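Note that the chains take the letters A, B, C and D in the order they are written out, and that residue 1 is the start of every chain.
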């Protein structure tokens, strides 16, 4: 079929209690709105009885009208759902400390059009990364954190999130543990990178733990932040081989590249609306 | 939702010229037949304008009735389609020569329930693999091939395919080039394993070619057979790292494991009705 | 240089406290014995101060003579060392229970010449795998194990090990925990395959643990057996990607192939004298 | 053994016609110079009869003295050899055009200490990457190239190479074919990244070729530059999986990360003196 010039792309995601008729109802609403389905994935978790769906469509219908038509279905089937314009940038705040590798990758991939995000702010508890933020022309917010000022610092962050209309917070090797309250406030919209193949080597110095254990593969894990440290729903994991000749410091150096690309992949999938929460697991329609 | 004890699983695959309403029509027919969608993937190729869909459902409806209801939709949208009971074994004939590794893996995986196939016959141009066939209790057909008897041998094979109701022919390192006529007769239902990462190193002795070129990664390619040698639609590829210390013979030895698992994966996906043809490419709903 | 027809290949491995002159002394002894070095790797662990070396040579000198010449160096530098004819089969006893996949791979790879081992016995606490042993013509020893007979069963195993001159015991998904005494008796010459990416998911049902945690990659770990369960020195690890659509049972099925090839790789490296112990880590000269 | 504070690290590489006594002679000279071997790899190519060796040592001996002592051995065995201080930065000139991903990675990895190189100049036929060069404080040389000015441009490059004492030229997606003369002038010290898994898809638009062929894995190849396009000795290759849903443009986008890390790995190994030429293959002591 020919796609008229004025067509728009949208991505619909939904989850709900599994029941017959969902796909038929949704596809009916999409058909009524002149949507052509270009890509779709559906999955029913047989254990939890939850149904998940992601649909990408092309249509001449405007967002508001499509949203209204889908809202009827959403009401009927008690959907948890989102509707977004394809490729519309997700407003993303990045937090980092001193290590630059994850931030550098995210900024480069945003600039080169790979990551559909816009970055209204970078927040750090150190000044080291300001020049990198400046190079990319992104406002840099220095929010130092001490035991005494932690509550204050987190309040400042939440104020920024609200003020800048931030949809996603990315912890790009931000070396502070967030309070339970902050984790709760950002539930489902904060992604962290942990520098091990979880659940192995939680906590501090995971590469040194891995080296001491003598593993032959190391990895990194991108996950949503939850109040329990390193226990949030996993979005993506990547690994690389190591050998006896590599010191713990070499693990750290080799691991940086893995951390950066694992985090970037998780952010990309999140920003493309491919990640849906299924309890403390994720459904990733990659 | 609760799944009654008498429910059946089916897998529907379809492709057609892309047009609005397909998913709605199909999901409508499925809903009418009391089908619950447990898994589905859809893809529209924007270049060729072809739409592809795979749906797994659970239902109490019998096969014949479901088939009849879907046939109406198939007619309406000019679908190329299949409907199969989930996990129903695909009748698979395996051809091999002297090398046992691919055959050994396929037989083991069939026996252990990983591959949803049944194997009514093994055909070989040598006697070497008969003991392995005997161990698994599978009829072994010795069909020698010389330049003079090739046409005759291929006729014997096709007779077996017809007689045994064979749905899939797997060339598990079968070291004879099939005639164009045989390739045509088996189009879309014959899978070959080539021992290189195609399109690199077509033809004979690919590991020796790879060694001479000094590559750092070798691989294997499972593809549908077509009349043009090593040019058929690729289903799956796998690779492993090699280094300067490995001889060409070591490449051969290391490559066996990759060939076996690449072919097994392709056969599994085919037998689970996950592979759809899109010109000389494949859509794999893995 | 030309290699005369009567030349032999040998593999020398050694470790010792690091000190200047080791390589010079060893290479001097090898030169004196007319050895040509075809492959060698050396590694000094800067933390433990231990030096490791593996040398493959070609020579016309007989084993006994070479051994005597090297014994002088070994004495001088207090070496822990081995000298083996290249490719000489390591006498390997395989233990298994009901699952066939690891055993099937090991037997196939032994038969096809990939694994330089000979297998004088298969020991199992069940009868299920006897036909497979029979097919390969390997004596099958049924040694059932109950809480009451465990000591007796382990004694029978050790008697077999002694009687058959067994150099390596491979636990190919043998589903019994060995006693501390047996672990000690087999220290450094028993390899186990654990069906997780250690140290994640020790103990029982690791795939179900992994599924519950929602990991995106699963793996297998081959390690030397020690008295502390799943804590022995790791020889090799392999991983594969999984996704939300895979059930815990599917993890089990997918994991089998990874277990089999991880164990086979570890056995191959061990039998090629590529694995040296460095405390509870391994040096693998792959 | 204890390493005194004033010790130096050196890396020796050598190749020569295989013959007995090389290792003994080299280790003798190293011992005489009070060198402790911390890491070494040796390999004899049985086909070409060439022997390769890399040794890392710690010693209190100064470079000049060690060099002189080794020169005697080098003379005796007709060695092709290098001796470098461990970690001493290799003077590296980077050439790029408009695409920033490889350059960005190389500069970041140099700055963060992962790549032991120093970068006295970036050369480009476009101005696009000047801001990135400026950010890292590296002189940017704009040398435009047209059919008419190609000889002149290459002369300017060679002048820079000479003037800046450049040891390595890296073509970081530099989109001009070098003349045969330039290739010859830079033989063994120019590394290119080709955006395909060579020898598949030589020449222009490899991702589009790969997409048209329907491959399931794409890759990148880092190789030394030779006069025959995309035929130079391969240093490193990396791959990633793709599927039917990815357009050729998506291949391009996904491939960037692979290109960047493949090139960075090749540069790192070269700069660590781990890559030795063996005809048109490489020995990589990784």
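Assume a contact is a pair of C-beta atoms (placed from the backbone, for glycine too) under 8 Å apart; a residue touches a chain by one contact, two chains touch by 3 or more.
What you see is a predicted model, and the numbers here were worked out from it, not measured in a lab.
Peer 1: Quick check on chain A against chain C: do more than half of the interface residue numbers occur in both copies, making it same, or fewer, making it different?
Peer 2: same
Peer 1: For the Cα fit of chain A against chain B, please give the angle of the superposing rotation, nearest 5 degrees.
Peer 2: 180
Peer 1: Give the label of the chain whose average Cα location is farthest from that of chain A.
Peer 2: The chain farthest from chain A, judged by C-alpha centres, is C.
Peer 1: Based only on mean CA positions, could you tell me how far chain A sits from chain D in angstrom?
Peer 2: The answer is 36 Å.
Peer 1: For chain B versus chain D, what separation do you get between their C-alpha means, in angstrom?
Peer 2: 42
Peer 1: Using the touch rule from the top of the page, what residues of chain C touch 2 or more other chains?
Peer 2: Residues 39, 43, 46, 245 of chain C each touch two or more of the other chains.
Peer 1: Across the complex, what residues on chain B touch chain C?
Peer 2: Listed in rising order, the residues are 39, 100-101, 104, 108, 112-114, 131, 135, 245, 253, 256-257, 261.
Peer 1: Within the complex, which stretch of chain D touches chain B?
Peer 2: It is residues 43, 45-46, 197-201, 213-217, 219, 233-239, 243-245, 247, 278, 280-284, 286 of chain D that touch chain B.
Peer 1: For the complex, give me every residue of chain D touching chain C.
Peer 2: Within the complex, chain D touches chain C at residues 1, 17-24, 27-28, 30-31, 34-44, 46, 49, 51.
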